[in-house]
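Below you'll find a set of structures to go through.
In what comes next, subunit A is part of two complexes: it sits with subunit B in the first one and with subunit C in the second one.
Then we have the complex of A and B:
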């Protein structure tokens, strides 16, 4: 029913300090006058989102759709196409095309989100201004950072960007995913594949074990004399009982998991010989996937919203940074308590954050929401397992209040159904975020 | 059942060289502060003493307390003085000692 031109917003050098107050007054007036929407459009509050992954794209769209025209949304994302991580382990194992993981931003453009294809390189929290790599400045009333993770090439001795070309992390989907796939295809039958897993926290807690499972499937069907070893910096992992039961059933004797307490922590790698050094031994691999320690994406440190852990503490109701006002952080970059670093968690946080930002801009008080995470792991083409949890703000963090994993001891038909649901889950979330 | 023990020490070293030794033993390190399902206290059972002897002489020891997490991982250094045996001993609250040793060649 509101008919007005898209709000003028975006690249401005001047930020009138009182504009938000003006907006709030106008918002109050709009209840009473029919002419208000036109005024509102002119006074749209500026929300800038950095990062076009599951969390960032969701936040931008939620605000653009629900903002009712009084919020102008800018999305800063250097890539013109997003390559999704969920199910990318199936690409590694040759079961899926990388194209099935890739999504454009056309639908966001149709939502009247102003998309800026550039890298954000600076944030001035006092002036409320983002700087792009070309020097352009964008002012904001509220900034939402969804920077994802950076792989720490200073976090594991011997593992730098060059080493990643030999021992792929494949922990950001794209060229690395295909490199690992190619290495597996080139490997002779009888080779040892090693996956190195860091200590918590890292992106996608069950991901390394799904990767082990699907590589095991590839080895079992294509290179049956080969073995797979997981060197782990932890003693327990997500969906552990389900994974271990599945490995016993599907890949007996193929996967060896070496936990921390058995000397599994990798402390050094040598890319030239594909050797992984633990505290108590050395392992030479034919193919090695080294998942290094991680931290919040670089812009979070630049903006001053990451603490000394490398991750971002936030308010669990609004996702506003505890370190900088007017900046919200969502997705894998945050310290979320019990909530894992997953696509669905980021999507869930983005919706709550977008709602809270809209409320704040209208002068309302954000209310605490429950958040959900759902995560499927595919252990074989027709064998899926899952975890689902509900979280709520408690003691300053997000605490799990309900949830569970797939039941144990179920027939193959049950696992096959969950594998189908995993596909459906991916279709649903990517259609909601990018479709 | 013998406890799982892991030791990483150099097999050889130059005389006078500072060598690093890493040790880990699998142990639950029950603090004595936790309650069981019926509300009863789970009795304390920790490794409270670790010793390393180099050819019989004590070169490193540690007293451990309930705050130390499960599977204590102890790393320390000593000076390579002569060829011989480096032995390790862990003693828990039940009085059980677990031992391990490595040989080092010093030139």
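Then we have the complex of A and C:
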């Protein structure tokens, strides 16, 4: 039998009492000295995962499958359905149904993952215990947090949750995605669409420019007198040359990008008039999508794994928090070098983290891994571009060792192939994680 | 007699297999990321690596790295791995479904 490294903590259990505690009590009461070690050896190590997005669901499934019954996995996720962000800009532009973005958790249940549909509201790193909103407590040997991002409604003057109902961020797919789509459909031809982009770091670095591209496609085909402006909190962006070349070719004169140095940073918004204020002036939009600054999901601050920046520093081999032992953090919430906040990165990190956690629980030394990130951006229905990179732990950070963006000056067939791959990747990853 | 002499040895093999699946299940460096795109049930656009031999995968990645094989992303990714890493990944990917996540 495989044995896990003895963990004195592992003897305490979930409240209300779990099967494990009952077993232990029986073992203790029986004074059967031969039976007790057998019961202990059969203890499944308890891994609790918080967050059922690409990273969290992947970690839970990898551990449940590879742990071979020796690792008991609990997934805490309040939603019963996940709405995926990749390709959701195509939903905004009316090219895709929101239903194609939505996935249930049935397959995870079949993997013997104990799923808890509740919000985690507390973490006690010393007691190794998670508290749910109803007061239930769950003990863990290892905790994996995959909380994604929180939108900072205190990060941009005038932009709170109510303002988001008028100027949708659509940066968490779902109702916001459909709201932005409806606003574009309702807009009169000749209107100005504005997208406000925050400074780094934020979820999905090329996402705002993909959104601009696909909205431009919609405007070009449905409302050709309209214009689109990007007000940006930075001077350079992901896949910039590729995007700019594509805009020139596909949407000439339609998209205006205003970088930080030209007064692009939005410092205040007025939802009532859909006005965006920069240091240089005011812009009034017919439709405005305001992507606010972000930070790691709230539970990371509660658990004490987020630092002053609002993000979570982690070890690049195990993804264990730099701030709290026995807690690992993966996905968009981490800051650990050059790896971007993407679904692909979250999925890669989850597999590596799950492997490391299994190794730690078996008393082995975790193996340093290399991780890949591949991100496609769809600029038009048959025009895709990508960034593909390999990362490895160096000097305590995930450092890019190879990779880059799609080559410039490629024929339309190459862009069409990458657009097909974007969709193929989405099908593959969602089938792997939720299917 | 021959049979009896053989039996303990095969038992040892069994024991070894039972004790060490942990290390067998830990993918070689970089291998976990491949399934981000390549899946047995994936779309035809991205090939299923399970249909290839170890040598075919090694040769394909070497050609990607040298720019001798048309690519979209694999030419960029291939440069991030050593020959030894590619061979280990290829061997792991082709060793059968039970060993893969």
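Just so it is clear, the second predicted complex is superposed on the first by the 393 of 435 C-alpha atoms of A that agree within 3 Å, B and C clash if a C-alpha of one lies under 4 Å from a C-alpha of the other, contacts with A are read in each partner's own complex, and residues count from 1 in each chain.
The criterion applied here is as follows: a residue touches a chain if its C-beta (ideal position, glycine included) is under 8 Å from a C-beta of that chain, and two chains touch if they have at least 3 such contacts.
Only a predicted model underlies this, so the values are computations on that prediction, with no experimental measurement involved.
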Just checking: does A:156 make contact with subunit B only, subunit C only, both, or neither of them? Give me first, second, both or neither. neither
First (subunit B), second (subunit C), both or neither: which does A:347 touch? second
Does subunit A have more residues touched by subunit B or by subunit C? C
Considering only touches as defined above, state whether A:401 meets subunit B (first), subunit C (second), both or neither. second
Does the superposition put A:279 against subunit B (first), subunit C (second), both, or neither? first
Taking the superposition on A as described, I'd like to know which of subunit B and subunit C A:371 touches: first, second, both or neither. second
With both complexes overlaid on chain A, does A:235 touch subunit B (first), subunit C (second), both or neither? first
A:359 contacts which: subunit B (first), subunit C (second), both, neither? second
Subunit C-contacting residues of subunit A that also contact subunit B: none
Can you check the complex and tell me which residues of subunit A touch subunit C? 1-2, 62, 65-66, 68, 344, 347-348, 351-352, 355, 358-359, 362, 364, 367-372, 374, 386, 388-390, 392, 401-404, 406, 414, 417-418, 420-421, 423-425, 427-429, 431-432, 435
Provide the residue numbers of subunit C that touch subunit A in the complex, in ascending order. 18-19, 21-23, 25-27, 29-30, 32-39, 41-46, 72-73, 76-81, 85, 101
Where on subunit B does subunit A make contact in their complex? 4, 6-8, 22, 24, 26, 70-71, 73
Of subunit A, residues touching subunit B in the complex: 235, 260-263, 279-281
